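In the part that follows, the structures are each spelled out as structure tokens.
The same subunit A turns up in both complexes below, where it pairs with subunit B and then with subunit C.
And then the complex of A and B:
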């Protein structure tokens, strides 16, 4: 009797896979997306550990050396002040990635709240809230961000907020559509009948089900935010020296590209590689989490 | 459909109004006056300047004053270049920016649609993967990186094309147009592929195939109209992006267009110039967005229905 019970417990039942396991399995099969994931993890880890990993100090100059091509001492060469380019790339990447993640987080919070409230309450509230989104959508935000940076000075915090304040619009739309369809589902009606409060329903049933599309959108928002930051920094309207970002480094590299092309090529490579990785990961996640969605 | 048209038109008016109002008060709310740089100015001179630029009137009066002038196409004097008005500078810069944007969008449309169709005709083959990987490269290679790299290779190393200018020497319009258009070519290629794939799986296309029509006829006569509607809907945002992109491209190639004026005005804190260009560009973008929406609905009337439902 006991033996058979043990045997029973040891039997490997074919377990049903949850949505997340299923998505992870599908993502794992997508080599490009996984490569993207590894590249992102690598860049994030390096950024976090930069103060310990960087081979030289951020401001350490070697004026006698000046701008030198890549060598054994300076793997990616040095800039015109004799500062190690790899070190500067690592510190610049910290800011570029931080802007990408922080601004996306701002847009995430606003977008999810807005979309959930509009979709959950519905009716007139929904109509008004989404009309506001429609109107804001039509505003040319690129120009407005430049205006904000000019008028209120070029601070990092303002940059997060300004970028985050644009990007929440799409997030709100995605979340609202999801919430609208979820609300009509039977398991939500069942939850209402069992007497759960609105907040409990939102937390236990709505948010976990909205997470899929939101994660996909996050992965695609981060690169567009990083691009925006680099664009502004390139024009001199974003991150200000002595702080640095990949956009600032590219902008500096352009000035001297004729004599010292590596000062343009390596920062450009770092930015493009990150954008590539995030876009591939985003595409892969979309295929994995929402097989019905079409690519475009 | 008419309802959609009218609704869309009515929606643009408050947007344009918000743009003008928000820009005006944002610029006025800026810390520090526009004459702060000239520290040596005596109080009397500053007073005179304030009077000339109407800065001592109450805020609401300035605002309505500005609206009144705006309605007559007058953007006021420039704060920096005292002998020029903003309207003059816009007249000088806008045609150049437009020309650049038109070349860029033509490059983007031709390359993008062609590549997207190639990919959609034979999905999941080399004919799909190669153009789509190139498109991904185009998206991940921002103009402020691609432009300098093109200058480096074709302008400095190979010396095939001029590195800057606009209309001064033959061929100096080629690199800026490619730089500005490439990202949009990439997006359009992806959109065309998606739209065409969806249309090509429809029943009426199968019917056309069954009738024995050649592939070229099927695509040109039947698939293109529906398949391109995502591209048309993208044109509005794309042109908005192009105008913003012209800031960078005009700066890189030293083109005397509106984008470069805007960036310079931003650096000089030339408030009236910023105000004028922001309002002009914003209104342009709002109008172009509306036009592309209308065009997309005309091509694919079902879009109007789905819009009303939401």
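And then the complex of A and C:
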């Protein structure tokens, strides 16, 4: 892989190429990461197309059927109300992935901005900004979410926001620590001397260098957000039946695990597969974005 | 009968790119009471071969492929851990390079010194303490009884290295391995420490293996010298003989690379003697708050002529870096004025610039940093590193133009065009410094501040970079402020030299006059401390 990359670099040496182009090239070489990427893309595409692909309606009940094992009509079986599990899994995936990605995106944007600004400016600004983070950390987040739900009413958008607003704290801390060390590096001084504005320095020199740990943390955040959503739904604060998410399906499946194991196995499989895919992709991305990583 | 006999020592390291031979077929002896110098550039295997004697190389990835090292009848390479513990720290001691990291910051200095003694003998704590205090006094630490109770951070760098030496000597070893013991120290301190090691060695009649990259230090310290390159011994013999008449090409090249002459005639300053290109008037820079104010630069005035190279010499903490950073506006001055001459009439007050005017001036003044490993963004290719300033200042009209300019720059500093898409970590230290130089040149500056640009480089690479800088300055009619702690380097490159001490410029003169007739006592002591 290294040799072929060198060849590739030599081949096009007359054109400048960005880190992103190189990263994409390297990612392409990492089979496990690409597999992860394909799995994620597959899930996302299926989720988007669910209304057209799903064989049944998500609330169509067939009470006569009850909970039935996988069969030719119902590939993944039906739940106790006789609803098609595959359909519910597909609709549930829509919510779970949406919550996972959207809430993580919210936390990512806030966390990176907050952490970068605090670390880059330093001094009093840093102290104040990080104390705010500490205070929010100490706040019992359930009360915070319940309060939000009570005041603004229950909505999916609010759920994204609420979860995102909690998850950014750790992100901000990770980013700030990285930025603190980077800011003292000579290449940042060199960028100042070159005449780059602070914003340009942050964008071109600081952020690409904090991406490694951030990406790893993202791949941990997405699953934890999905589980958080299941927990909130369980408390009656998240998704309400007949709507479903993977988390809701799993917690439902746990209750009837001994009689109808497929109700737990398939949603569990879907979630685990996503988590694995995310982890492989995350590791791959971290290596791809680090020119020094020579591992395949 | 030699104290230590090393025969056919070969050490491999397993890396991701396969097996690398760090040391191959190295043989040498050390006699009682003599000093053996091992000199070589980074990666020559000089440290690895000595570390292996004490079992200090990590295995894996290290692997001793072959060889014996007989110390008093024991093969150090085969001995078990128990035997090694009896030898390490008792009969063979070591002094490491960095006194800042080789002492435990949470342990009182005295405790650290007596630790090996308590470990290796049945001596009581009181007796050990008495011995340690006597030894501290012997290595030149006054008021030793009180300082025994202090923590390492209460000692200066040179004092800490004295403590480290005392720690190494307390068990009365027969062999002392000193790995670059003065590399992290200032010149005047270096001279004292070298003198101390020499004295102690004479008095106690111990054998010393002295490892250094610095030929001058080896020349002064060693009775016999080994020259290493890429894991092999290139030449060994009597130090005097090697330096007077080196037989091998590599040794000759090494010795020729030591800057020991005045600035080459062809590159000397011929411009206007009355030029006031850059004027610093009564500059003061201070750090800290009101209670604890530290004046890094104290009321300094200086004039730089257009087209000259001004050397700025001083020991660590003298304020030379703060001063240079204030010119490129990396630190703010509290007092004074920095003026850059634009043309016959116009002058620019750098310290007051803001926004667009500041950005425009940044184009005129560029900087080369000390550490080529830290001064390049690890996630940017050479091409992008060099293209960034061109794009930022609108110096190229289109992509084609950028490409041509980047490739020309690379050629000018001696980098091959096909390396354009490589990342910094794929280059050696010298090549990286070339990239950093190219980046500084990209915006076609008038003034370059070079802050210790060759200090992190090996001596042969240092010679190459120095001649590159001289050539570029002449071709492009650059003015340069060259900052260094190394007097020989400054003498070779600078037209005029300013000496800084404790935030003040104590002397400034034409380089040769200053070196031959220093007037200030501090300059004299600096020059006298040269090895």
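To be clear about the criterion, the second predicted complex is superposed on the first by the 176 of 296 C-alpha atoms of A that agree within 3 Å, B and C clash if a C-alpha of one lies under 4 Å from a C-alpha of the other, contacts with A are read in each partner's own complex, and residues count from 1 in each chain.
Heads up, the rule we're going with is that contacts are C-beta pairs under 8 Å (C-beta built on N, C-alpha and C of every residue); 3 or more make two chains touch, one makes a residue touch a chain.
What you see is a predicted model; the values in this text were computed from it and never measured.
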item	value
First, second, both or neither for A:146, with subunit B first and subunit C second	first
Between subunit B and subunit C, more extensive residue contact with subunit A	B
Partner chain(s) touched by A:19 [first = subunit B, second = subunit C, both, neither]	second
First, second, both or neither for A:242, with subunit B first and subunit C second	neither
Subunit B versus subunit C as contact partner of A:227, first or second or both or neither	first
First (subunit B), second (subunit C), both or neither touched by A:123	neither
Shared contact residues on subunit A - subunit B and subunit C	294-295
Subunit C-facing residues of subunit A, complex	2, 9-10, 12-19, 22, 185-187, 189-197, 200, 204-205, 208-209, 289-292, 294-295
Residue ranges of subunit A in contact with subunit B within the complex	130, 134-135, 138-140, 142-144, 146-153, 223, 227, 230-231, 234-237, 247, 250-251, 253-254, 257-258, 261, 264, 268, 271-272, 275-276, 279-280, 294-296
Residue ranges of subunit C in contact with subunit A within the complex	16-17, 328-330, 358-359, 362-363, 365-367, 369-371, 374-381, 383-384, 387-389, 392-393, 399, 402-403, 406-407, 417-423, 425, 436, 439, 443
Contacting residues of subunit B [partner subunit A, same complex]	11-12, 14-15, 18-19, 22-23, 26-27, 29-31, 136-137, 139-142, 144-145, 148-149, 151-152, 156, 190-191, 193-195, 197-198, 230, 240-241, 244, 247-248, 251-252, 262-263, 266-267, 269, 274, 278, 281-282, 285-286, 289, 310
